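Each chain carries a letter (A, B, C, D, E, F and G) given by its place in the written order, and its residues are counted from 1.
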């Protein structure tokens, strides 16, 4: 099953990268989401995939009776998920704000910070 | 509402007394409590509560029947070759005006396979229903008004 | 050749007429001079005086100083001439608004220059070397509002710094090769260095440093340009002292490095070329200061040429010439400065008839010029005689050396004559009426320095035994006896002197045609060093601009492309190194539900990419989220599944809300198929697949997670091990994480708030 | 108790069959309205039956409560979502299967009717 | 110890929350911000002294022993970075008092600034790789916020590029950390050192090496991953640029140092060769990029890139002297670079522009500012006796000791070109006459503003001078820090016995 | 209590069959998500996809005998419709006007 | 969104979601759930409110500014971490107070860990709402 998951990671990365190379900022954002999922899946795989029990200890026991899935990689992904949510949300807001400001989502056309000619370096 | 809460309390008491915290036991306690309350509240304004429960059960029964019938029809519809039903969009005028009643009615219709509430008219005096199985618009309206709408009004007013 | 601004000669207003620094600096110089002079007897006796305080012991660097015959000579020159220059500056820059800064820079320079020659530590020497560069930069750019001054300052700074950096590398290598950074220790054992594998790099690096500082060809052009500095600076830094730092360095390393042909050839060729070229250029100048500047380059070239030799006479010639040149050249510069100050010009063609109005200046000019031209009984004569003698003694290529020496001296005689006669004789050509020698602060320096030329010539033994002989002994690393005589009898050097005088006077007479001829010659040259410099700078700027345009294109997708391409490249490189270990693709082991979830994830990813509308893409992301959640669920991670779904949901809601502000079908015309991007994306994806496989096919060390599983209930009192990790075992992560989310949220809100403010306006 | 297991099996099979028809309906139905009519509810039933199966199988009050809660939540949320989409589609006059019969008085009364939201 | 090691990030976080809650009253926020930075300075000074005298300090928040719980660990490198962060933080906090407008203050400037400090300090203090990721994120998101605060067009554009590329880096880092966990089963950096030494998985190790190199390379602005920096650093308000210039890329470099000394020691040199190539290319492209610029901040921004190359060069050479040089260079550069940006702010305040063409006259009008600039700029160019000289000296000597002459040559050329840019600024902004003659002196500023703008610059310039004139204590410190990096046995012992 | 120790024959086959059915359903709904054609179609399909995922959670609970999966089902049941509602609003009220389209996207054909 | 059905249903659903979120929070230490999940669910509740009644109404229903809520949440989490520090233990060490019997799962435990989780709950809720409201109010 490792191979399949690794392939899925590869597909997520490839599609993510492909999207990020587009001009439209929204596509960039979607690519980022894909990449972010790839990262989480990679951590998940790195913690090893087991069709084991969820890492919960049943009431009345001090340790799980049978092997459980790796709880640490899960905790890491949880953290990464929530952080990723924050970052993606910020990126989204930034893109929305930029559209409001520049009237375009085409990153080729957003040339205020690095203008094509020096004369264009007027903020307005 | 006061009586309903009281009924719940009684059910909890029953569950506690019997020391068996199962859902079934709770339902049993609720029914017992209901009977007890119905007996102890023979007079008074709160009689409404004891009328409403059977009606609600009646509504539920109607709903379940509709559900079953139209589910099967839907399955047939999906599995059979090209659509043999006649989709319609029908405006059904309503008498009920209370939001919660409209909501309940809408939910009932939405949950029934084959019918879909598309919109509530602006004055809340009608709903737009998309239906798969209605042969005749007028018949559908009447059926709905006499069926679901009436019962909803009875239970919730 | 950039025109030198004449502004510094006019009188100034608005600044302080004097400053306490105007007393301090000369006093310090005089103090230093006297203090150093008191050490003369000890160095004469061959003693080396050292003084050390620890500075950076962990690198073997100390703040150590020493005085021996060689550097005492330089130090006396620096402090002595510094004294007169400081006094001269008081008169010259009287009333200049930046007078105080001038004194500070001058002081900085003097201290650094003294430090440079007296430093016993190689690194200390470099420190002071660079400090003199800085001082020189600030002083050349003193007239900072003039573009030419800024250009000249930059030129001098860059050239000397480039050389300085080479010098630093050379000094570090020298330190490594000899095991010490201390001159005294290094010079104590000079035998093996020429055999050392690092000899050639050390030598070349040090020569680069010395040549650039001492304006050797082809770096000679910065020095005339540096004449943009006020005249006291030109007199002090750019003729008497700083430019001789390179000479000092050559002399200093002479015992270590001079034993090879490389040394001899390098110094002889570069020095003679410098001398000849600068002499020609010098004759051409009509600006007095520029003529002096080129003649300084001539002197530096000759000095280098002599230091190429291992012969004691040549070395003695060099040392004597250092002394002589510093005195007469500083004097001449100051005279020119006074002329400029008084008349407002230093153009030969506009000057004349000043002799009566400026008698002291004329006297000084005459005395210095005679010394420069090498007339007896001036010190310059002895210098010149020694030069010829030394030239003849140079074994490698006597004809070349003698030829260069005679040729340059001929031209120097002409230049000297021009300087001493042209401005002072003939009709007055300037408009100004009140022309005089100016205040004593102005003429004191030139007077004393020119007079010294005569005095030294008359009291030669003092000079020979006290100054030159110890220096020569130091350079050669063996005791030498140097004797000066005004009359050697009739010999080859005397004959050469006579030839020099005759041809020199002839050249003076014919200077008009000569100047024109040189001008024509120069015009035929394809380029000059100065023009090359400009071309170099513009090439640099062009390269910089081209590189920036290429790399920093301003296009986000291009940036990302390069980044991903870099990632793919290095990962491919890493894979290539381990090509034999690349795991095979063993498919299997998955049951149908896992396959479905994975397929859903993959298909949703592809759909996101292929979707024509952002909203369709968002729907695809929703499906992707479900697929991911199912995967997590299948492999025992319900918490993750829930969180994934919740996060996905909230993000999608946010995205849809944001999209209400964005163009609905923004990608209607996007190019779906971009082969290059696809290739890159596939490469990166493949690299990640292989990396993941490489990682997870190895056995896993589960000690840490086992620990959490074992301790969750008994010690952390929780049954959901994931949650226990989050809130207890690794609570710090979680804390940081909520900080991130908090920050992200308020940051995003800030973006929107700014918008609302804007639209509210 | 084989009875229980059999009941569970039936519920499971019935439920998943509903799920399958729901998805099939999505594909086979000609327009958005008919798709919604056939799919959303069927899927909800599917869940309801499966959750009932869970409750039956576990016979643990906590599990039963959660299964009932899940059913309740589904019954509350799914129709709501469906209605909102249907309303939106209706109001923007999402394309309708040509065989649909629309009452004369059944015209959407949204404030500003828009073009179809085809994407 | 737990308090002391937590305070560097805890204090700014608490300060951030307070300033957020009081964001309506900028005056309160200002006081809190400066106080927090002062506390930070005190704490980090204490840490520095303790580490200097007593070696590696550790703490186990949550009281779970290493390598299971997260370890906070401060060794010489961390202590140095923490201290310099506090210094820069305080300087910038004071400068910001007169440089940040009330509008931005109300939008939460102080809050984000404190969070940035928290992220930076957390990154330096943690001994756990995943925790490092978390602190990186704190820093990153705070930097996003600061960059776009005020939402001017140029900020948004710069912000897009900055965010876009840094998020790629973040995801790379996350993936790399996850996969590294897959090889080693641990996240504790000391434990990673031991586990990876045992791991027999050369391909995965090489791949992860390069992944980390790319991830941190983007953060550190290495060639060819640096585009985000020149694209954005001139966009935000000046103090923001100043603190970014000082700290952000250095956190990336710090992470590179940790990665390539502690986690992936040299091995067969593959990683270090890549680092070396990247470092040299970075030095040259950065400095050439600067040569093409004509705006004060853009020139400085490109120089950041170039100087990152220098620091990474030290890491790549991997000798005690080189690493010491890298650390010294880093500290020197943080101080000088931050100061240059602060000075550029005052310069543009007085002369009206950052564009060199439109500025001038400061040499006469503001001699103090000119002096400060001169010190910082020539220190950056590596002139003695300023701090930059020793930084350069250490690296040059290290490269010459290894007979890496090409490296020396590149370093020398870079040094000269650095000087070219610095003198360009000097000539244009200071020496040249102001095109309109409208150049004010420092005296034109109010007393408060004068102090707030100049005191930090003076303090930083004094540090530059001090490090240049009396470098011995710090060089010795750097040498032992480098020793500690190359032979982490003390570090390992301290961490792996922590909390047991 | 897992399938293995209850009635293996009936229940296990039922679960297996149910699993196939639901997974197929998942795939079919995804096809509708992909095909659209209108946004509403995609959203409805996504909704169904979510609900079937809820069902699959229940199935997992039965198959594994672990009630944990119910929690996932509940959470999904509770929040999935939110996306649908958000989309509904988008469909009804729309994004920016279509006629700004050309001006804003400007994706030239270069 | 001006829909009778949505608005009316929302009243019930929001209450339900909020209750469920508290449930997930409290049992999170022993069952799936915890501060994040619970916080996100609570955020979903208010999101629904905002969708139905508008962000302004949702904001006033929350009564506290969401940003303030988030800040307080982070502060609470930080404070719970520092409690241990005051008790002389390393920061973030769990502090437990047991009420009732000392027997396994029966006892009622109050702990700094729970407070920490509540802090996270508030922080995540507040932060998510800041985002939602910001983007909703814009549109």
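As a convention for this text, a residue touches a chain if its C-beta (ideal position, glycine included) is under 8 Å from a C-beta of that chain, and two chains touch if they have at least 3 such contacts.
Everything quoted here is computed from the prediction, not taken from an experiment.
Participant: Which is the least count of steps on a path of touching chains running from chain B to chain G?
Facilitator: 1
Participant: Spell out the chains that contact chain A while also contacting chain F.
Facilitator: Common neighbours, chain A/chain F: C, G.
Participant: Pick the chain whose C-alpha centre of mass, unweighted, sits closest to the average of all protein C-alpha coordinates shown.
Facilitator: When every chain is reduced to its C-alpha mean, the one closest to the whole-protein mean is E.
Participant: With respect to inter-chain C-beta contacts, which pair, B-D or F-G, contains the greater number?
Facilitator: B-D
Participant: Of all chains present, which has the mean Cα position farthest from that of chain F?
Facilitator: The most remote chain is C.
Participant: Tell me which chain's centre, taken as the mean of its C-alpha atoms, is farthest from chain B.
Facilitator: The most remote chain is C.
Participant: Distance-wise, how many Å sit between the C-alpha centres of chain A and chain D, to the nearest whole number?
Facilitator: 31
Participant: I'd like the Å distance between the centres of chain A and chain B, where a centre is the mean of that chain's Cα atoms.
Facilitator: Their C-alpha centroids are separated by 44 Å.
Participant: Round to the nearest whole Å and give the separation of the Cα centres of chain C and chain F.
Facilitator: Roughly 68 Å separates the two chain centres.
Participant: So, what's the distance in Å between the C-alpha centres of chain E and chain D?
Facilitator: Computed value for the inter-centroid distance: 56 Å.
Participant: Could you tell me which residues belong to chain A and also touch two or more other chains?
Facilitator: As it turns out, chain A has residues touching two or more other chains at 20, 23-24, 28, 38, 42, 44-48, 53-54, 56, 59, 72-73, 78-79, 82-83, 86-87, 89-90, 92-97, 99, 105, 107, 111, 113-114.
Participant: In chain D, what residues contact two or more other chains?
Facilitator: 17, 24, 36, 40, 44, 69, 73, 77, 80, 82-84, 87, 89, 91, 119
Participant: Can you tell me which residues of chain B touch two or more of the remaining chains?
Facilitator: Chain B, residues with two or more chain partners: 106-107, 117.
Participant: Within their complex, state which residues of chain C touch chain A.
Facilitator: By the definition above, chain C touches chain A via 552-557, 560-561, 564, 585-590, 594-595, 598, 601-602, 605-606, 608-609, 614, 617-618, 621, 624, 628, 631-632, 634-640, 643-644, 647, 650-651, 654-655, 658-659, 661-663, 666-667, 670, 674, 677-678, 680-682, 684-686, 688-690, 692-693, 695-697, 700, 702, 704-705, 708-710, 712-714, 719-722, 725-726, 729-730, 733-734, 737-738, 740-741, 743-745, 747-749, 751-752, 754-755.
Participant: Given the complex with chain E, which residues does chain A contribute to the contact?
Facilitator: 20, 25, 28, 32, 35-36, 38-39, 42-48, 72-73, 76, 79-80, 83, 86-87, 90-91, 94-95, 97-98, 101-102, 107, 110-114, 123-124
Participant: Within the complex, which stretch of chain G touches chain D?
Facilitator: Listed in rising order, the residues are 1, 3, 5-6, 9, 12-13, 16, 20.
Participant: Going by the contact rule at the top, pick out the chain A residues touching chain G in the complex.
Facilitator: Chain A reaches chain G through residues 54, 56, 59-60, 78, 82, 86, 89, 92-93, 96.
Participant: Which of the residues in chain E end up touching chain A in this complex?
Facilitator: 130, 133-134, 137, 140-141, 144-145, 148, 151-154, 156-161, 163-164, 167-168, 170-171, 174-175, 177-183, 230-232, 234-235
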